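Lettered A, B, C and D in written order, each chain numbered from 1.
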Amino acid sequence: MPKISQNLKKRARQVEVVLMDVDGTMTDGGVTLLSQSDGSALEIKTFDAHDGQGLTLARTAGLRTGCITGRESAALLRRAHEMKMEFIYMKQALKMPAYEEILRQAGVQDSAVAYIGDDLPDIPLMRRVGLAIAVGDAVPEVKRVAHYTTRALAGHGAVREALELILKSRGNWKKLIDQARA
Amino acid sequence: MPKISQNLKKRARQVEVVLMDVDGTMTDGGVTLLSQSDGSALEIKTFDAHDGQGLTLARTAGLRTGCITGRESAALLRRAHEMKMEFIYMKQALKMPAYEEILRQAGVQDSAVAYIGDDLPDIPLMRRVGLAIAVGDAVPEVKRVAHYTTRALAGHGAVREALELILKSRGNWKKLIDQARA
Amino acid sequence: MPKISQNLKKRARQVEVVLMDVDGTMTDGGVTLLSQSDGSALEIKTFDAHDGQGLTLARTAGLRTGCITGRESAALLRRAHEMKMEFIYMKQALKMPAYEEILRQAGVQDSAVAYIGDDLPDIPLMRRVGLAIAVGDAVPEVKRVAHYTTRALAGHGAVREALELILKSRGNWKKLIDQARA
Amino acid sequence: MPKISQNLKKRARQVEVVLMDVDGTMTDGGVTLLSQSDGSALEIKTFDAHDGQGLTLARTAGLRTGCITGRESAALLRRAHEMKMEFIYMKQALKMPAYEEILRQAGVQDSAVAYIGDDLPDIPLMRRVGLAIAVGDAVPEVKRVAHYTTRALAGHGAVREALELILKSRGNWKKLIDQARA
């Protein structure tokens, strides 16, 4: 992880809620479908174990986490529950309504929210939140509006890197290492 | 994306229909099969979220899209429908008959068609269309007949790059960014 | 593909039968299992579309093809049939008995056989065949006994590269390009 | 594989039991879930064929092997059985109790154990065992407590490299090559 600038650290310290996109952010962007013999198809999703460890530690540190996505799948639901995510919004063609509902539920302002994204539909939220993070393989338009772009690629530690940035800025990280659970 | 030459821009501006191969073009070329206990096997396909966003935006911009492939799967059918593809031709050992049927249905000439491909069976179509695009990991024979080879690899943004090339040449791109849906 | 040496070309020209390992040769070495709710697990295999095109063209050119593997799966069986493989030997802890049976069935000598492999159990066959090919990510012991190591990695065109080497040495390749089917 | 130092060789020669984490160590860290139509999700795991060959050879050489993981899946269970693993501990949020049970069952001290890991929950065990090995893409905190970090990445030969290090230090490797089975 590159050195954290003072401006970035200031933004990160205010974060209480961490939201993120799913496909291309929590996954490597692969949309995988299994053909069924009846002509339908089931969705397969691949998440990252290091990201998962980061999300669990973020919860341990008291951060609230969630995701907003255009797709819907039982795979995401199971993974989000495993990671103890509090806000799970699926089938959101536009992400702003879900975002504003989360603000109300969490009782926080934009400045207390971090958002991690990779593609065009994430831009409106990234312009509002206190800390906007692009994954390493986000499209150029998303990187341009981000306060930080991870070195790690989506589905390969990008979420972990974003969460470590926040937890280290808050001074939580070292204490958390011993609290990690498999 | 590299700078777009004047010749390429001219070809791209005439495009009304964008056709493409599936395996090795919309996917990374992996042919994935799930063994069933009855001895049969079900097909799994992995598409790319960034490509999907590009295909949806292309439809928003009024382009007509489709695919021609030698294989057949419910996975492709579901994904093609999600992307609002209009022309879906599966089980085409030779691609020319499907291509000519699409020309008739769309009421366009070769010059109004772009085709994205990666391997030998794509070559006959690529020699006819107005804009022939090879994915970054296409075989050398395909790259040689292409007007443009993407920097991105198949299943990792190659289709998105091809579509952005067309949409930017037409002057549609900037307006489309705000119309992106998740 | 690197330049083909005269010695290699001579070996390749004599090839009539092309045999290969499966995991780590026709696939990238991933052994993928799907947990079932009854506690069993189903096998998933990912093959490469470019390899598949090469195997089909090899058949068109009159080469006979086959695989010898220690594992067993419906996924491999379906793919081998799609590629019109003639010799399919599964569950072979030792590969020599299957190899010798194939020699008898095909009525050929060692010098007429090419074998593509990646790991230790492939070495005994590679010491016998006329043309022994290691995939780009084979273990060092296998590369040492190979007459040729592909630049391409297993599951990403290694088999295609091996087949093109043989077909080009025989002078078949250019004519085959137009005979490719999707 | 880099040259093995004398200190490392000394540690490796004492190893009788090789234990390892699963996700991010025996796999590339992908946590893959298949959505079912009833809203549940099944777990898919991708292991590495070269790692598997290494684990089988380790058993042939008389080493005892096992895994300790926080997750639970039929996929892991099948693979562990294929590799003839003796110790299989799943659903272990903390790994120390399982580790101590294995020590008792195997009747060995810390110095006779090697452990391969990638993330924070592996650190307590890695501080105790005689030979602690981090996979090439382990998090920095894990690499810092490891006696050796593999060049290979998890799910792509890291376990194989670790096992070869041990088997070569014991002088077993050359003899084992001929005993490899597919």
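Everything below uses one rule, namely that a contact is a pair of C-beta atoms (placed from the backbone, for glycine too) under 8 Å apart; a residue touches a chain by one contact, two chains touch by 3 or more.
The structure presented is a predicted model; accordingly, all values stated were derived computationally and were not measured.
Asks: Hey, what chains does subunit A share as contacts with subunit B?
Replies: Looking at subunit B and subunit A together, no chain touches each of them.
Asks: Do the two copies subunit B and subunit C share over half of their interface residue numbers, or under half; same or different?
Replies: Mostly different residues: under half of the interface numbers shared.
Asks: Enter the angle, 0 to 180° in steps of 5, of the rotation superposing CA atoms of subunit C on those of subunit D.
Replies: Resulting rotation angle: about 90 degrees.
Asks: Distance from the CA centroid of subunit A to that of subunit D, rounded to the nearest Å?
Replies: Inter-chain centre distance comes to 30 Å.
Asks: Counting in whole Å, what is the centre-to-centre distance of subunit A and subunit C, each centre being its mean C-alpha position?
Replies: 42
Asks: Residues of subunit C touching 2+ other chains?
Replies: Where subunit C meets two or more other chains at a single residue, that happens at 34, 40, 44.
Asks: Indicate which of the five shapes (line, ring, star, complete, other) describes how the chains touch one another.
Replies: If you draw each chain as a dot and join those that touch, you get a single closed ring.
Asks: State the interface residues of subunit A toward subunit D in the complex, per the touch definition above.
Replies: Within the complex, subunit A contacts subunit D at residues 34, 40, 42-50, 52-53, 57, 73-75, 77-79, 155-156, 160, 177, 180-182.
Asks: What part of subunit C is in contact with subunit D in the complex they form?
Replies: Within the complex, subunit C contacts subunit D at residues 21, 23-24, 27, 29-37, 39-41, 44, 68-71, 92-95, 118-123, 139, 141.
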